[in-house]
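Shared chain: chain A. Partners: chain B in the first complex, chain C in the second.
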Partner chain A sequence: MLTGYRKWSIIFLLPSGLFLIFAYVYPMVYSFIMSFFSYSMLIPGAKPVFIGIDNYLKIFSNPSFLNSLRITFIFSIVAIFFEFIIGLFLALAMSANLRITGVFRVFMFIPLMIAPVVAGVLWRNLFHSSYGVINFFISFLDIPPQIWLGSAQQALPAVIVVEIWQQLPVFTFILAAGIASIPTELNKAALVDGCGRMRIFWNITLPLLKPAVIVAFLLRIIDTLRMFDIVYTMTQGGPGTSTKFLSLHIYEKGLKFFDIGTAAAQSWFFLIIVLLIEIYFIRLVLRRGTAR
Partner chain B sequence: MFGLTKSTVEKVLLYIICTIIIIVVVFPLYWLIITSLKYDIDSYIYPPQFFPVNITFKNYIDILFLAQEGNLVKYFLNSLIITISTIFLSLLFGSMAAYSLSKNYLSIMFRRMMLAFVLVIRIFPPITTAIPYYIILSKFGLIDTHIGLIISYVAFSLPFTIWLMIGFFQSLPAEIEKAATIDGCNFWQRFIKITIPLSLPGLAVTAIFGFLYSWNEFMLASILTSENAKTLPVVIAGFISDKYLFWGKMTALGVLMTIPVIIFSSFAQRNIVRGLTFGAVKE
Partner chain C sequence: MNFFKKIFLTIVTLSIITSLSIAFTGCPTPVTEEPTATEEPEVPVVEEKKYEGVELKIMVHAGSSGERPIYEFAEEFYDKTGAKISIETVAWENIMPKLMASIEAGERGYDIYYTNPEFSYTHWPSLLPLNPYIEKYNYDTSDWFEAAIKYGEGIGDDPNIRYTIPASMVVAPIFYNTELIPDYPTTWEGYEKVLAENTNPPEEYGLAVAGVPVQTVRQFYARFWSLGNPLLTPDWKPLINNENGVKALEMLKKTVDNFTPPGVLGWDNPDAAAAFARGLCATYEGWTGNVLTFLEDPAQNKIGDNWAVTMYPEGGTGNMTDNSFAIFKTTKNPDAAFEFIAEFTNKENSKRWAIEYALETPIRSIYDDPEVQAAQPWFKGYKEALDVAKPAFWRVPQWIELFIPTGEIVSKYLSGEITDPQAALDQLAATWEEAIKKAPPDFEYSE
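Here is the complex of A and B:
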């Protein structure tokens, strides 16, 4: 009987297994091989030429790639930092169970539903330097109109604002679920023992929230590092290269200039960085036993 | 806070802060809607018009019927066909794989390896597979076809489908399946007749996340399609030109694109956190 179950189990796994191998292993092996070749699809009839690890060595002497790497990480760190702080605050506010939190739950999700390309277009309008709503609002604070997306210094912060606006629900709701799972008896006991609110927060809430925080960080790192859609409709990488995120850089290398070898090496480099960061976080999660 | 009683002052403060946040979160959406109802000329004035003076449906009529940018109905159908096929295929294959992995008929080592594999591919930045996809799909002549895009979307949504469904399957009481086995159900019958009907809420949440992903996805769509299989996000990005920004048309299409998402996802408010976290946090 057991053998019959084993047979069925394998049959059930096969479609997904074969498909995922075809969809991931094959392309990634292909891209790994191409990363050792010099191959431009732009030249008709050009054949790939083996050049060893040159494509990888070039990564470290390529200022525009390093710049993209830097921008991507600044973006990721700053966006996640603010999402965490604001999200934690909102999650605590939601745990107060006021009547408004019901409304709050519904509205908070809306940004997540909007396609990132639409969000990019929308905020491009809001940030417009001559007729944008944001310049209108800051004029009440006596701040002169800013160039925002036209300025190399302000474009990245503007993109960060949009990312925070759109992805805030992720942190908020994960942390709110985490707070809701903390037994209220713990807080009440601490209160009876004479702990103040701040001490309860630092010594009970935060430590117990740690697993939820790690999960949220993990997901947000995956998503921020792959940033593409918003920036494509908002700034298209500009001005100059000030918002050219890694995905955008590799996209242009591979599909605008068709320099397949370089794009493949950069993809692998990018992938390995992402994997290393994620493995670190996944080990944190597993050690705490929150994931299955 | 922390489920403890609080003073009136604190409550009022919380109300004020929550209201401000709701306004900040919702205002851009309001702006999206009213910009789509303005003539473009009214979008270019300063100070901005917060309440449109001349309300018009011209932008909607333009993009839906006047077909300057090609046949929008066709792109809408493309988006719909690709999204529904993606959801169907990843739910079918994904729940089968999840069922197999949630039972212990296969060795624990093997199942752990499969789970790790699924988790790792969830982490892949899409651009790293997008360029090989472009080359491979063009070899098979699948560029700018529905099938090409569906394949790459299923590749992306299968990992999270499998992870979410394992969680839902594991939370079902084991007794029901045992009873079904005693009554003579085999593996396949148990899956179709017992487990799937009991997991409908889970399937619904997973479907909504599949919908959110494939309906809104832009990068792969822009790389792998040009005209025949073009989807709505690509159309919106196409409105951006160096000379002129068609605010009205872009926002009208944005509104039309967002409505189905809001309708579908309103069915799954409850389980959404679970979906958001890839199954790691349960509400």
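Here is the complex of A and C:
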């Protein structure tokens, strides 16, 4: 028998629960089922044909998918690495409580507030090989004009730069909040004991910042691995396939070629990879919590 | 708990009160004054319009040359017939998902779409066969380009059925600066010579092209087709990876590497069109709509009227398409939909759109009309390009699976991601074979 509190809780939770079932659970279950079928919606009259795990097995022999997976991971690792380093530096600068910090925080927020599609179009023009502002600025450093998005070698770094520009505030603010939560007494005690600034940073700040770092990594890994809007507007995956991230590859399979079974299997495979990475980080957080 | 309970009870009570008050008082209705017996009401005589109350939802290919005339004509059609036209413009990349969603939505989806007929190769079972309406409304197709007639029929399983009515014929010709190139060459050798003569970096380049993967397809086909081969054998075996394919790919790479501004592989159509209109490049290989927008804009056009249009050298042509109307079977108003299309594309309006909006009509004689020629001098060269135009993968429902990888692999070779042209084309041929295998056509391949 449900108590009054439980009954009312269920009543209030029911609408959102039903919404979740229809909007999330049903599509996920449906796509999981479809991943075991061969079904091209482009072919008039085609019906789904059960093919077992063939779609999953084909993933490992699909060079296009594996290439996209490789590019996505390179993008994710490089972008997060730089976001972490620069974000940490900025977070430390913000924790110094200078007068300019308030203004700095506002400016830091601006890229984050811009829609990724708009950011993509904006940076596409900035990186333009003929009239882009970036080539104009680097000319002051005696660097010849670069072709950026027109080069298979430079397009990915250019997209990484935009990703760092837009998402850096996420790292910065999480780390700044982490730094703010470190008790100041520890730093003061270390100073009294004769520790230098670097020693304090390595032995006190950084270890105590670990939970915040893990959370930031957790969020950023999810975001970078599913990157779509910016790269779609900047390069459309090109030149060649040099910036064809996995999200673009799956989008093409599913929503251009309507090869539903293949796209579903690839999505699930990708989801499992992301989940494994995330579980690793979540366990790090939990371990940290229990250690306390 | 009490807090939640109070909120819940308040919401329930308010809902009951509102429902009861509506039930007893009825919905508020506008108060109208009844005319008294002594007053004779002045009733304006309003002629009932033919399609009063009808609403047609149209999906229009964004950026196509038909977009602006369709908006204009929608208002005229409403004034004339009472049928309200709701237009949704959709970028090419999103057309396939939009159409799929519309088909799923049935009656709630679009009534008409306006885009490339290739989409009808896939969606024909959901489209209305137009032959009965062509007969019923005595719609004239006799003056169309041969390509418009031939490639608009045979879609689906009945060779005599037509699902689309073209409003514009689309083929990418070559635009060139007549001040820099007074006599345009007719051979590839001459073409390269002209491009080389006009390449003087960083101020001048011979050619502007859009180099993002999907846009490279027509540039490659133009070279390949000029060498004389079809894309496939009659039994659907790829010929693209033969020696002519390799030659065509190398020709294209040589052109892009030597005569285009740096970075064109990151350029889309507007970038390339702007480079031509602003005088950076002497020629432009691309769609007409993009470049005309820049040429019509005095702020962007730095070459004045010193430009003309011609076909590719040696009979080459990029893949032809058109922008056609099609009607969904689920429409509740097929007659209104067909009348909209028929009126928009009749000879009188086609001439008007050609003059006002440079819409490349499928009606051949309009290109010879002195008024049209005066307004659009470039139509002369465009007509020549249309005479040799042909589509790729006509009637194949999985055409998009053949089209997109072509651009991707050509772009891979142009960008150096693959260095061996034979390897690139073998990869392309394998991709085509795999896509064709999904639903092998029961008719012979022809161009």
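Keep this in mind: the second predicted complex is superposed on the first by the 287 of 292 C-alpha atoms of A that agree within 3 Å, B and C clash if a C-alpha of one lies under 4 Å from a C-alpha of the other, contacts with A are read in each partner's own complex, and residues count from 1 in each chain.
The definition used in the following text is that contacts are C-beta pairs under 8 Å (C-beta built on N, C-alpha and C of every residue); 3 or more make two chains touch, one makes a residue touch a chain.
As the structure is a computational prediction, the values presented were derived from the model and not from experiment.
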Larger contact residue set on chain A - chain B or chain C: B
Which superposed partner A:148 touches (first chain B, second chain C, both, neither): second
Touching partner for A:255 - first (chain B), second (chain C), both, neither: both
Which of chain B and chain C A:173 touches, first, second, both or neither: first
Partner chain(s) touched by A:56 [first = chain B, second = chain C, both, neither]: neither
Touched partner set for A:111, first chain B, second chain C, both or neither: first
Partner chain(s) touched by A:130 [first = chain B, second = chain C, both, neither]: both
Partner chain(s) touched by A:241 [first = chain B, second = chain C, both, neither]: second
Which of chain B and chain C A:215 touches, first, second, both or neither: first
Touching partner for A:5 - first (chain B), second (chain C), both, neither: both
Doubly contacted chain A residues - partners chain C and chain B: 4-5, 8, 12, 41, 130, 236, 255
Chain C partner contacts - residues on chain A that touch it in the complex: 4-5, 8, 11-12, 40-46, 127-130, 145, 147-152, 155, 235-242, 244, 252, 255-259
Chain A - residues contacting chain B, complex: 2, 4-6, 8-10, 12-13, 15-17, 19-20, 23-24, 26-28, 30-31, 34, 41, 90, 92-93, 95-98, 100-101, 103-119, 121-126, 130-133, 136, 165, 168-170, 173-174, 176-180, 182, 184, 187-188, 191, 197, 200-201, 204-205, 212, 215-216, 219, 222, 225-226, 228-229, 232-233, 236, 246-247, 250-251, 254-255, 260, 263-264, 267-268, 270-271, 274-275, 278, 282, 285, 290-292
Residue ranges of chain B in contact with chain A within the complex: 1-4, 6, 11, 14-15, 17-19, 21-22, 24-26, 28-29, 31-32, 35, 43-48, 92-94, 96-97, 99-101, 103, 105-106, 114-115, 117-136, 151-152, 154-155, 158-159, 162, 166-167, 170, 186-188, 191, 212, 215-216, 218-219, 222-223, 232-233, 236-237, 239-240, 245, 247, 250-251, 253-254, 257-258, 261-262, 265, 269, 272-273, 276-283
Complex contacts: residues of chain C adjacent to chain A: 1, 4-5, 8, 93, 96-97, 100, 122-125, 156, 202, 211-214, 261-268, 271, 275, 280, 397-398, 400-401, 404, 408, 411-418, 438-439
